[in-house]
Structures are given as structure tokens and as C-alpha cells.
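Structures given as C-alpha cells follow.
In what comes next, chain A is part of two complexes: it sits with chain B in the first one and with chain C in the second one.
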Partner chain A sequence: MNNGLLLFFGIFLSLGGSFWALLLAPQVQIGRAQPVVLETTGETYPAPRSGLAQQGADIYRAQGCVECHSQQVRQSGVNFEVWLADSGSAWPQLAATMDRLKISDADKFITQAPVKILGGLTMLEASGIASQLTNGEAKASVVLATLGPDIQRGWGKRATVTQDYLYDNPVQLGSLRIGPDLSNYGTRAVPAALALQHLYSPQSTMPKSMMPPYRYLFNKRQIAEGQKRAANALPATVEPGYEITPTPEAEALVAYLMSLNASASLAEAPVPAPPVKSAIAAPAAPAP
Partner chain B sequence: MKKPNKQNSPQSAKPSSSAKAARVLVKEVGAEPVASHTSMPVLLIALLGALLYWGNMYVVQYGGELDARVQGPYRNWKQLESLKPQDESAKLAAQGAKIYNQYCGPCHMGDGNGNFSSGFPPLAGSEWVLEKDPSRIIRIVLNGLGGPITVKGREYGQTQMLPWRESLKDEEISAVLTYVRNAWGNKGPVVDAALVKQVRDQTADHSGAWTAEDLFKVPLKN
Partner chain C sequence: MSAPSSTSLQETEASGGVCNADEHDSVAEIDASCRWPLLLLFTSGILWLVLGTVLALIAAIKLHKGDFLADTSWLTLGRIRPASMNAVLYGFSSQVGIGVALWLMCRLGHVKLAFQWPVIVAWKLWNAAVTIGVVAILAGATTGFEWLEMPRGVAGMLFVAYALFGISLVATFAMRRESEVFPSQWYLLAAAFWFPWIYSAASYLLIVDPVRGALQASISGWFTGNLVTLWLTPIGLAGIFYFLPRLSGQPLHSRELASFGFWVLLFVGNFGGLTGLIGGPVPKWMPAVSTAANVCLLVAVISNAWNWRETCRASCTTSHRNAWKTDSVLRFIFFGAFAYLVHGVIAALMSMPTVASVTNFTYAVVARNNLVLHGFVGMVLFGCLYYIIPRLVQVNWPSESSIRAHFLCSAIGVLLLSLGLGIGGVLQGLKLANASVPFMDVVRGTVPFVGLSTLGVLLLLIGQLLFLSNYLKLLRAFAEPMVRAVCSVCCGCGSTAKPGVRS
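Moving on, here comes the complex of A and B:
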């Protein structure tokens, strides 16, 4: 073989290069990622899952939920909003300033503070307007707005990042969205009973759902006349004289779904934080 | 083929260098395909160069400066930081940091710990600085301070602090005090420029530096 050595090094270089770039480099960069302490609440993020939820992750995997549901929120960019945090006491003056800035409905905004006044601005525009509105007791602030179709659909408030998957093994990102994204299922305030009902009969809770029913994760049990229903039986009666109780697998799966929450504001993925009236630091009281 | 098969070669009887043997072979039986080098077309080199350039630019633009924590629509950590709307106090403090390093840092030091042997009291953790009502520290900055003063349980006072009434504007004093009240682990409310102006007007006829004794007479609002 002519040029065997060259060939060997060529192959070695291309394989070694991709091994470095695809496996070693990510391992060096994020292999030792640790939970972080959130600035806003002081809690560690992500919190480890409870035992039941951890079992649920395996059920989620075994049932192939990942084939139809993704767990990744994409974000296309950011822009900025101006919020009137506090209208203070000099209302006519503030209304005049807002008129000058060509903001309509000034009176409505002034009475409703804290309220969003303008959106879709760049940082420069937003901070310019906010600084003009901030005068005396009146305070306006710039609020970050995250953009993207996923965020518009209400699937999350920010892009999901590496930190969100720290306790997932394997990470079940999913690539198809026959069903909705589940990264923030736990924040959607769905009662566990309703989630179980949805697993048993998806169309009963969501008429147009394409999800197949997971009846084998439930037990159907005949109840005798006058016998009490089980505490964990599904609230809806499917057939008179029968009750449906979830198996431990179904309960674990729901516990896992409830634990899905990627809404914390991280340093690398800030979440919009509109002002709250009480959170604004009052200027120090003047001395006599 | 680098070495012609010696058994089948008509030249096998004559041992010679393989290159020579190959040349003779080509003469006798016609061109046999031989692996060798051909120069790469210039166009392909140019194309690969352009591809390499594009790849590099792509990594520069979207690689997040190879920081694994920068993801999603954000380009790099600096951009990510600049996109976070800062609140008033953070902006003031950033402005105040510059003023501090220019005017205050030389004596009170960059870490706010002062210098005991030279008589410069600390600002980090100082009860004077952390007092909720800043009207006393505004007076100190405006007119300077002399005489004995106790800070964090230690006596200072060999050196006199300079007055900054003429050199610093109300906004600058407000910024630098807000910075001092929020740096090195300090946590204090914003010092309003309007309050600085008010104190400046009130103490317009005060001559010379303050003493700790005079300052204690200034009432505090809580």
C-alpha cells in the first residue's frame, strides 16, 4: 500500500478530531456541572427528584412518551418592554410625559401600575423611555421579554439549558411534537387526578387529543353496592358499578410529569421579571 | 504498487531499485495504474479555504466564546449580561464604582477596608456607611471629616478626610455612596441625588470638616 502512513494519520486525525469535538470537549465543559444556587430565591437548582418521580422517569422512558413529546423549549431571541412600576403622586405630570412620548391610554396605565406600557423595543429604546418616565416618585423599568413560538404557545418562559437536565439520565429531549412540549408540565397547575384521567382516557380531558390511552397502567375494579370507592380512584365514573384505580406505575409517571419544571431564572437563561409594586426600593428618607 | 511482484516480473532476475523496476515495467507492458501524488485543483483549495473561514466565523459568532453555559439565542456571556435589565441601584453603583476608584480608593482602598496604620477607616461593614439614613455620610463626603472617630470598634482620626463639595456633583455623590453601600458585602438602600442636594443646601454655611461629635447631633430618620 502506497502512503500507508499518511493514510493512517489522516484517518487518525479525522476520527480523533471528531472524538475530541463531540465527546471529550463537551465532557470537559459540562461533565462536572453542579446544581447552582438561584440568585432570586436562594434555592439550589435543579432540585433532585423524589424517589417516586425518579421511578416515573423510567416509566416515561419505557412507555415511549419521548416519541411524541419533547422536553425542550426553544427561544429565538429577546426584546424589551417598558413597564410603569409605580405612577407616584404627580399624575398630570406623568400623563404629560407619556403624551410627549406618544403613548396612548396614559390615564389607564397610570391607574393600573404596575403595568406594561410598551413592548418590542431594543434595550436602548426601552431604557431611554424608562428613564424619561422615571421622575420623582414615578418609576418605570425595563423588562426583558423572551421570544419564540414555543414561548408564545405557553410551553415555557425561557429556553431550556443544560442545567435543566442535570438529573436526567438519559436526557429525554424528544424530537417529535405530536403532543405538546412537557418541559414545564409541573408549572401548568394540572391536578394529579386530571393528569391520571388524561393517561387513562386522553380524549375525555382533551377532546381532540391524538394520545393513545394507557389503560394498562390502571386497574378496573368492581365495587359492590354500598362499598366505598378507593381513595385514589379516578373521579370520573367510566361504567356504573366499577372504579378505575391507577397502578403504582401510573402514579410514578404522574409524579415525574409534575416534577418537570424548567422555569427558574438562571444566569444563562433569564426569565422575564415584571416589577412588583412592593419590590421597588424606596429612596432613603430625607433628613430634616 | 510500490514493489512489483518479483516472481511475475520479467526483470526479476536483475535486482534493482523498485522505482527503476517499475519504470521498466511501464515500458514493457504499458501504463500500469500506480498510486502517486497529483496536485489538488486550485479551485478546491480555495473552496476549502472559504469553508474553513466560514466555519471559523460561525464558531466565533455562535460558539458563545466556547463557554458551555452560553446557549440558546444568546451569543456570548457579555451580551447575555448586557441584556439583563438592571435596576436603578445597579446602574448607580456601576457609575459610582468609577468615581470611588478615582477619589476614594486611594485612601479607603479598593477593597473598602481602609488602612488602620495610616488612619483611613474601613467602609466595608462600617456602621456609619450601613446606617439606613445616609444624611451623616453625605455630610462627611461634602465637607470631609477630622478628629477621632470610632469605626467597627477601632479608633481612627490621625488624618483628615478632604471635602468633596466643590469637586463632586449631587448625582456623583449619590452614585458613589450607593456603590459604597452595596459593595464588599455591604447592603444598603439607594442614596437619592435629591437628598444629597437637600443636605448640600442645608449645610452650605458649614465651614471646615465635620467631627464625629457634630455628626452624632444630626438626627436620623428610620
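Moving on, here comes the complex of A and C:
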């Protein structure tokens, strides 16, 4: 290896290898993804963000929120559950079938339908049991369950996938979780006022929180007793005697947080859909 | 003769045994050709390191106490952490690494530094770019991509500056007068081409003309992985491959083994960056390729370690037997080599999907990065600096005990930082994987370990300040005769200019 030219060609070959394998191949596979039309609602997914939320994405990037918060839900796998969707009218017969399948508490399940009867099954086991229970008016269905600590913690109902990030720039996946995952912040139904208060003083909404306060995203003004507060001011209890109003940056940031939602059911990442009473009634009607 | 420390100039320069001074530039001439460009690179590199460590210290304190310095947007945690990383990566590791690379190329090729002025121009441009970049990150103009946070214009400046460095490095290699190409030169040449490739490709695809969606995450992972594996690691390895045989007074055990390790690193190592995406929103084959690559890379790590071990073992029979006890440079290099081995094993472990499902998203990843940046690359670079700087200026280090203290501080600092965050990270990951532990308890549980790492950062800082003060004293001793000469020319008062300084 004393030949400089040969050495150079070897190095050049390695550059080329990494280009083909880790830049070009992924680009071909996922770089040209397009929004899809959801089967359930007919909407395109993902939908572009509103202008304010898009500005908020810039605030999120500029504050470096990604240093502590991830935006990806991981799923360790799936298994299947059997749900009793409708117990029909022949209850004794159903109870007997359930006894034969060694399902305890049959009576309780029958009165509570729709209810989960069994969990942690493979597709084959679950559909076998469900077909035996489906008899006459009694209906049992197989329901997919997503697994993993992230999902158990309520950070999302399914793993996040390529499709979820189509309109993000920069994509802020994050590599450290000192704060909770935010990929589904918008689905948590946190009121905007509470989210703003959390930004201003995290410990006031979550006493043990380690999050640094973002007071510089707010205006603070001394206020006399009885003086009228601005409409968007934080609750008077946050800092008595002062009126704390969010800057446009803070409001944009919260709008962005509210827009974080990766809960649409996709072909590659279905969301568990257990049967509900009303949904069962509708398709059951035209059957005969 | 007790083995003289290689931090001083007494060590015989001919011990490499390949230098025939007649036809080549003499070692002193070669060192002199490197003097000014390298002193500039090293000085600013050290200052960046100190700044980066101070920022890291502030960030570490903020992880205990969120309220600390919270009212200044410039000092918010999410800006300080990337600013600190960028200062260390581009200000210190890359800059000092380039300096060391230039020197090694000169020494190994027995040739003077090519293109000295462009290197100085590049130094100005590089430091201007890093300055603007770090300020921009603190001002909130970050791009949001890990280790590539500096804004678009700065990326262009850095690239141009690097091009000048790279031209000098490759030209020095091309003009070499030694027919044998030493392993260190392979690594340096590879680094010289890999850095511009990954930096320009990642900057273009992420910042200039961004690709869409999750592909950004895979390119970002490709860049961060390769910045370590094929830019900083080759420079560190070049240092180890040069100094280990040289200071232990033995030829390298096996050139073939070194060549094997080199090609494995080059062709396999570059696929290892996507382990952060295990279970993430990209096609499964991508992180799987990285897992395989990191495990294969272990072969290169072990073959290198074996090579060094055999080299050192051979020296046990010679007068260099206890060299590492007296030789500060060798101590730094040894520590770096050991950290390289440990990092290789840990990186392979942490890319296993079962392990990664615990360690990803935890401080364990931070610990691994610190181990490679401060433990391996940082320590090797400091070893190189302790050897190179006295030879550039022909002045000995003013304080040998300060060097020993620096080593001790750095070594303990790296251990506290890596072990503290590593153990804390694994515990954090185990708790994260158990959904019955409330998230708040998971985060609170990391605090004592962050405390250990803060202590580690503090020790690193003390070590760096010891280096800095020693370095400044050395520079003063170096500059004094010149200042005197200038004074005596200008006003004829040179003999009394600084009475009593040199007693």
C-alpha cells in the first residue's frame, strides 16, 4: 500500500459505496413519498400545517426543543385480541361455548359487550376463537393491539412511520428523552392556556418537572388591583400582581404543539380499532 | 539512561530510523515550516475547547436546575447543548485534528508543509465560520440537524476553509519523499477525502436543498456517524499508529494487520451511523445495515488493538519498557487507544436491536459520544500536542507536573462523564422500557448521574485550563527573544526591556 494513486482509488470506492447504499437507495425508497388518502375518512394524510403552526415549528427548532423531546413513537410489535362485539340473544349457548374455550367470567363478559375477552394471541389463535364465538346474533371480532412501552405510556396509539413526517422540515426525531415524546401532543387535549402556562412556568403545572421555563417567550407587566387583564393573559394565580401575556412566538409554538398528531390509521401502521356499540349496530342491520 | 520524556526536546529525533538527513529536509526545517500555521490552529482549537466545555458545564447545571440562567434566550438548554457540541467538534477536534494531520503528513513524508499561506487563510476562514456558527446557534438560527446546526452560509465557509486545508494536506502527501507510506498516512488521506464528502453531501441534502420527510433523519444519522467514524477516528488512529511505535521504540508489529483494519474501517464503518433509528420511522433494512456494520467494525477495532498490544509487548524487552510511566505523551496515547477499543465494543453492543431498545433516547448515547470525543480523539490529540508543540517552537514545556495533572484530570473526567452518563443512561432506559414507572420518576432518577457527569465536565475543564496556562507560558518563553529583538531594533532598549523575567 505504498501507491498513493491506488490508495486514492480505494478511498474513492468507499465514498461511492456509501453514496449508493445509504443516500441513493433510501432516496429511491422513501424520498419520493406522497400524501395518501385515508380509507377511513377520505382525507389526505398528512395534511399541511396551518400558517401559525408552521411558524411554531420554527420556534420549536430555534429553542432546540429537540435536545430533550423526541418525536417518534416506537412499537415493539403487535398481537391480537378477541372482543365480544355483540352477545346476541342466545346467552346460555354463548356462555357454554365460552366455558368450552376455558374463558372464565363468561357471564360478566356477556352482559358487558362490546368487551375484550382475550388478549396476547396470534392472528391464528384469535381468529379461531372469534369464529367459534360468532354464532347467530353473537359476534366476536379480532382486534389488533400495538405493543411497546411508548404506546403503554400513552405517547401514541401506533408507531410513527415515514408518512407522518412528510411535511416536517427539519424533521425533529430527537435522540434523547429528558422530556416526554411529543409526536401526539395534539391528541392529548391539553387546553392551549395550560400549554402556555407550562411553557412559562413548567413547575406550576407539573410540580416535579425538569423542564426549563421559557419566560422570555412571554411579556410581563405589573398590574394594579382590579385592573382588567388582557384576554390572552395567563391565569392570575401564576404570578400574583403581574399580567403575563404570551408573545406571538409562544402562541405559534403552542399552535405547533397542538398540530402534532400521528394518530391516523395507515396501511403500514394501523391503529387499534376495538368495536363500539354504535359502529356494530350499523353494519349488522342490512345483513338479513 | 532513563528514558527521557517525549514532551521534551532531548529525545533523539533519529529514533524512527528512516531519516537520512542528507537528501531530505531536516526534521528541524520540516517543523519550522509547520510552525506558524500549526500554532494558530492549535491555539484557537484550545480556546474553542475551553469555550465548549464551559458551555457544556452550564448545560449540565441546567439539567439539575432548570431555572439556572433561564431568562436569557441565548442561554436556554436547547441552544447551549448544540453550541457546546459544535464548538468542540468543529472548533477543537476538527481544527486541532487538521493541525496534527498536517504535521504527521510532513514528518512521515519527510517534506515541508505545502501551501503554508493557504493554510493560514483557511485558519482565518474556519474560525470566522465557527464563531458565526456558534453565535448563530445561540441566537436561535440553528438548522435543527444534529452536529450540523450551523446555518447554511457558515456551512459554505467551513467547506471552503476545509478545501484549503485539504489541498495542503493532500499536496504534502503527494510531495512526500519517503517511498514507504505509513498506516498513519492511509488514515489521514482517507479522512482528507471523507470529510468534504460527508459534510458537503449532508449540508446539501439537509440544508441547501432539503430532502423530504424521514429521509432527513437517515441522512443526519449517516452524517453524524461518519463524522466520528471516518473523520475524527482516522485522525485519532493516525496519531496512535505514529506515536505508539515511535515512543515505545519498536517498529509496528504488523503492517498487514494495520492495512486490514484500515480497509474494514473504510468499507464497513461508513454504514454504521443509523443505529439511532432502530425501531424508528424508516425502512427496517437501514438500521439493520448499521447494526451489521458496527459488529463487523469490531473486527477492525480488535485487529488494531492487537497490533498495538504486540507492538508494546515487543518493547517490554527494551529500555522503553516502562516508558508509559515516565512519558506523558505515551500516557495520553495509551488512554486514547484504550478508549477507542472500549468505544468500539460499546458501539457494537449499542447497535444490537435488543440493547438499542433500552439505550436509545437515553444518556447512554451521550456517554458513548463523550467517550469517543473526549476519551479517544481528545486524549490522542492532547498527546500529539504535547509532543508536537515543543518541536514547533523549540521550547520545552515549562511544567512537566502540570502535564501529569492535566492527564489525571482528563482521565478521571472522561471516566466520570462516560461511566456516570452510561450507567445513568442504562438505568434510564430500563425504566423507560417499563411503562409502569411514571415518566417523571424516570427523568428524576437520572439526576444523580448527571451530577457525576457534571463533576466530570468540571475536571475536564480544569485539565484544559492547566494545558492552556502551560501553553501560554511556553508561548511566552518562545516569544520573549523575538520581542526583545524587536525592541532592541526599534528603540535600542532590548537588554532592559523585561528585566528579571528570565532568571
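One rule holds in what follows: the second predicted complex is superposed on the first by the 263 of 288 C-alpha atoms of A that agree within 3 Å, B and C clash if a C-alpha of one lies under 4 Å from a C-alpha of the other, contacts with A are read in each partner's own complex, and residues count from 1 in each chain.
The rule we apply is simple: a contact is a pair of C-beta atoms (placed from the backbone, for glycine too) under 8 Å apart; a residue touches a chain by one contact, two chains touch by 3 or more.
Remember, predicted model here, so these are calculated numbers, not experimental data.
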Touched partner set for A:V143, first chain B, second chain C, both or neither: first
Partner chain in contact with A:V78 - chain B first, chain C second, else both or neither: first
Chain B versus chain C as contact partner of A:V171, first or second or both or neither: second
Partner with the higher number of touched chain A residues, chain C or chain B: C
Chain B versus chain C as contact partner of A:S87, first or second or both or neither: neither
Partner chain in contact with A:E268 - chain B first, chain C second, else both or neither: first
First, second, both or neither for A:C65, with chain B first and chain C second: second
First (chain B), second (chain C), both or neither touched by A:M123: first
Partner chain(s) touched by A:S259 [first = chain B, second = chain C, both, neither]: neither
Partner chain in contact with A:N184 - chain B first, chain C second, else both or neither: neither
Contacts on chain A seen with chain B and repeated with chain C across the two complexes: 1-3, 26, 29-30, 74-76, 159, 161-163
List of chain C residues in touch with chain A within their complex: 62-63, 66-67, 70-73, 76-79, 81-82, 140-146, 173-174, 176, 179-181, 186, 189-190, 193-194, 197, 201, 205-206, 210-219, 222, 226, 259, 263, 266-267, 270-271, 273-274, 276-277, 279-283, 286, 289, 357, 360-363, 365-366, 432-435, 439-440, 443-444, 446-447
Complex contacts: residues of chain A adjacent to chain B: 1-3, 26, 29-30, 74-78, 80, 123, 126-127, 134, 139, 141-144, 147-148, 158-159, 161-163, 267-270, 281-288
Chain B to chain A touching residues, read off their complex: 1-2, 34-36, 66, 68-74, 80, 82-85, 87-89, 132-135, 189-192, 194-195, 198-199, 202, 218-222
Chain C partner contacts - residues on chain A that touch it in the complex: 1-4, 7-8, 10-15, 17-19, 21-23, 26-27, 29-33, 61-68, 70, 72, 74-76, 149, 152-153, 159-180, 202-203, 206, 208-216
